[in-house]
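Just dropping this structure here.
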């Protein structure tokens, strides 16, 4: 019981206090442990958690296939995708490249071949070969056989070339390996497109769901509209006088709602339009004046004044909550993260 | 057509199938990409302050760039990363690059391959890519206290001791400015909390649009010197340095899409009010 | 253009269009792409974190590169390493892992905690994962507490200080910011009922929060449209002749198949009616 219920609370307390005191204790050894080792341990354990997540996902997909639940056929794709990624990560490097030894003596021979492999011009390649006796060709071949044509061309010309492989670990971040191919042509398009889908749903929500039901909703939508238009180049092309006319028409609608009198509404709208027209005509219709109606200026004010106030309130509120929760966790009062 | 019919049509349009809206958005975004308009770009104050922060550095000053974005936010952040690199190389700064995201290293390599050759920048003398280290804020803390303990080798496994421009660079305090290209966690917030604030090294940032509101209080409080906000911010920075890039080319589509969404909101509300008025009249 | 790049482009276009096909309706193309994404993501992240964290930082500290022939306990310790190396020489290269670290047997603790984390999959021993979780949560709590206190509270309070003597505009804006911040914070105080004067103050706070949410909405739209532009750029690029017009062919294929499916379903529902 002790091992299952008390030990982890003690661990939370000790690690939390140690980390917190690490900011205030002036001892190099202690600081080194807290700043370097403790946080490295955190990253290592977090990495195991990621692997746990992946294994758990695999387990769930397998169960779905075995029990033939709804849409189990698609789970096969999930499993295939997972194993392909693991194969690319741990078993199939596909990181072959050509290493040339005697570059200086064979610049005229190797330059065109390297240019073809790296898809550059000879003029772009020559500076890279200057003063270099050895050269690792930038292009990586997934299959050795694909490099054979170039390798044979080089060796036939008397160039001392070798087929080499990037090391494990390097294969993850090196352009052209199997893992990189998976990242560039499978993971990236799917991940980016999932995010991009939201653009359509935001547009649909704007049309079908965002309604000015009360004053607060009006503030929200007005602020959103002004930011959206003011921050793009189109906003600076919309004249401040156009906004003035929109305000006059909105005032007319407001007058109609409040007084429900046609004469009053007519007077407000006509008077407003006349006033704006006269002022605009006198000033020569400058696009960016009056400044408080010019969208980029209006947007900037909203962004840097009332928006900051709201965002700051949220930030401070979250920080206070975070501090309270952190203290509760360290002191063992909050145990919900353990599933208790 | 009488007034009632007209109102009925408007109300019906308000209930149109959402797939029509999806198609409209797709067309509205695609057409300006294929047929650019070339709308003029005007820098906002926050982008200007970010530009000024980088511009304040001169020949030989050490600039630390941190890449923490991936392919899903590349359209927003990559243009600003390239623009800042243009700016840095044109002024002869020494550029040091670290990455808090593994994808960030790919992005950094892409950006460097595109920009560095234009200024004949030499690796190891004008710029160095130290690479990705996992750990989020732990990496920031590590750089703050002892960079060489964290980075013994660069991204190509070359010993840091043998890289000329790493002489005398031991911690965050050795840099003149931190610039973070951030799409989320870990990113700008971690650099502010564990890097810039504890050491006082000035910092600026470029972020994905979705993160802008989260970090704008830092800018207002002086913890950040300017913010480049999303693709429009990248276009503004490109305009300031006088080099058009991907940020600028996306602005036409962005502008028209925003206008259409605003019109959707307005039209949607018009139909809502008309419908409400009609149902009120019934009762 | 290399064959791998062309094949990759066709995969990328197909998967992009398959996910976009969800906008028409949920369909087999989308489901297939979604499940493939789930599997590939899991494998991708597991591989990435293993090679960037576990292998260099954990194993690299438990079995760093040997500079001389080990003897005694060290030889036995490296004997275990050679045994692991028999299974995968890439993860455990001969002679130790060269990542610039020194031997730190202390790191057996996170290794053990990591194994405990994986034991979550076992019903009998799953409770051991609590110890690992406890470490992670405890450390994060201690780390975040200071960072949030310093940067998100103290610095923000300092930043809210009134600038009354830098001109009328700055003074008014400064007052608006502090009023908005305080009233917004009043709104978040839920221990007291929002009635009377307190209610009116928190109502003002809500207005500032609404402006902030509106701005956040505007930026969210901006971000999503930018990402859509990015996807369209790629589709336009892959429609070129060097990629054998992948976008056009695959778009036509998906539209035809989905159109045919819709036609069949309509025919079926007409029959049933």
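For clarity, chains are labelled A, B and C in written order, and residue numbers in each chain start from 1.
To be clear about the criterion, a contact is a pair of C-beta atoms (placed from the backbone, for glycine too) under 8 Å apart; a residue touches a chain by one contact, two chains touch by 3 or more.
Nothing here was measured: the structure is a model prediction, and the numbers come from that model.
> Looking at mean CA positions, which chain is nearest the middle of everything shown?
Of the chains present, the most centrally placed is A.
> In terms of C-beta pairs in contact, which of B-C and A-C ranks higher?
Between the chain pairs B-C and A-C, A-C carries more contacts.
> Which chain's centre, taken as the mean of its Cα atoms, is farthest from the centre of chain B?
C
> Distance-wise, how many Å sit between the C-alpha centres of chain A and chain C, to the nearest whole number?
Whole-Å distance between the two chain centres: 8.
> Rounded to a whole Å, what is the gap between the Cα centroids of chain B and chain C?
For chain B versus chain C, the centre distance works out to 17 Å.
> Listing for chain C: what residues touch at least two other chains?
23, 48-49, 52-53, 57, 143, 148, 152, 156, 159-160, 177, 212, 215, 219-222, 225, 227-228, 230
> In chain B, what residues contact two or more other chains?
Those would be 22, 25, 29, 72-74, 102, 132, 134-135, 137, 213, 217, 220, 229, 232, 254, 257-258, 261.
> Could you list the positions in chain A whose residues touch two or more of the other chains?
In chain A, residues 39-40, 42-43, 47, 172, 183-184, 187-188, 191-192, 194-195, 199-200, 202, 206, 221, 224-225, 228, 231-232, 303-304, 307-308, 311-312, 315 touch at least two other chains, as defined above.
> If you look only at chain C, which of its residues touch chain A in the complex?
2-4, 7-9, 11-13, 15-16, 19-20, 22-23, 31-58, 88, 90-91, 93, 104, 106-107, 109-111, 113-115, 117-118, 120-121, 127, 129-146, 148-149, 152-153, 156-157, 159-160, 173, 176-185, 187-188, 205-215, 217-222, 224-225, 227-228, 230-231, 234
> In their shared complex, at which residues does chain A touch chain B?
Residues in contact with chain B: 31, 35-36, 39-40, 42-43, 47, 170, 172-173, 175, 180, 183-184, 187-188, 191-192, 194-195, 199-200, 202-204, 206-212, 221, 224-225, 228-229, 231-237, 296, 299-300, 303-304, 307-308, 311-312, 315.
> Per the contact definition, I'd like the list of chain B residues that touch chain A in the complex.
Interface residues on chain B, with respect to chain A: 14-15, 18, 21-22, 24-26, 29, 39-42, 44-46, 70-74, 102-103, 105-106, 109, 131-132, 134-138, 141-142, 145-146, 149, 155, 157, 213-214, 216-217, 220, 229, 232, 235, 251-252, 254-262, 264-265, 267-269, 272.
> For the complex, which residues does chain B have touching chain C?
19, 22, 25, 29-30, 33-34, 72-76, 102, 132-135, 137, 152-153, 189-190, 192-194, 197-198, 208-210, 212-213, 217-218, 220-223, 229-232, 246, 250, 253-254, 257-258, 261
> Which bits of chain C are touching chain B when the two form their complex?
Counting only chain C, the residues touching chain B are 23-24, 48-49, 52-53, 57, 99-100, 143, 147-148, 150-152, 155-156, 158-160, 177, 212, 215-216, 219-223, 225-230, 232-233, 236.
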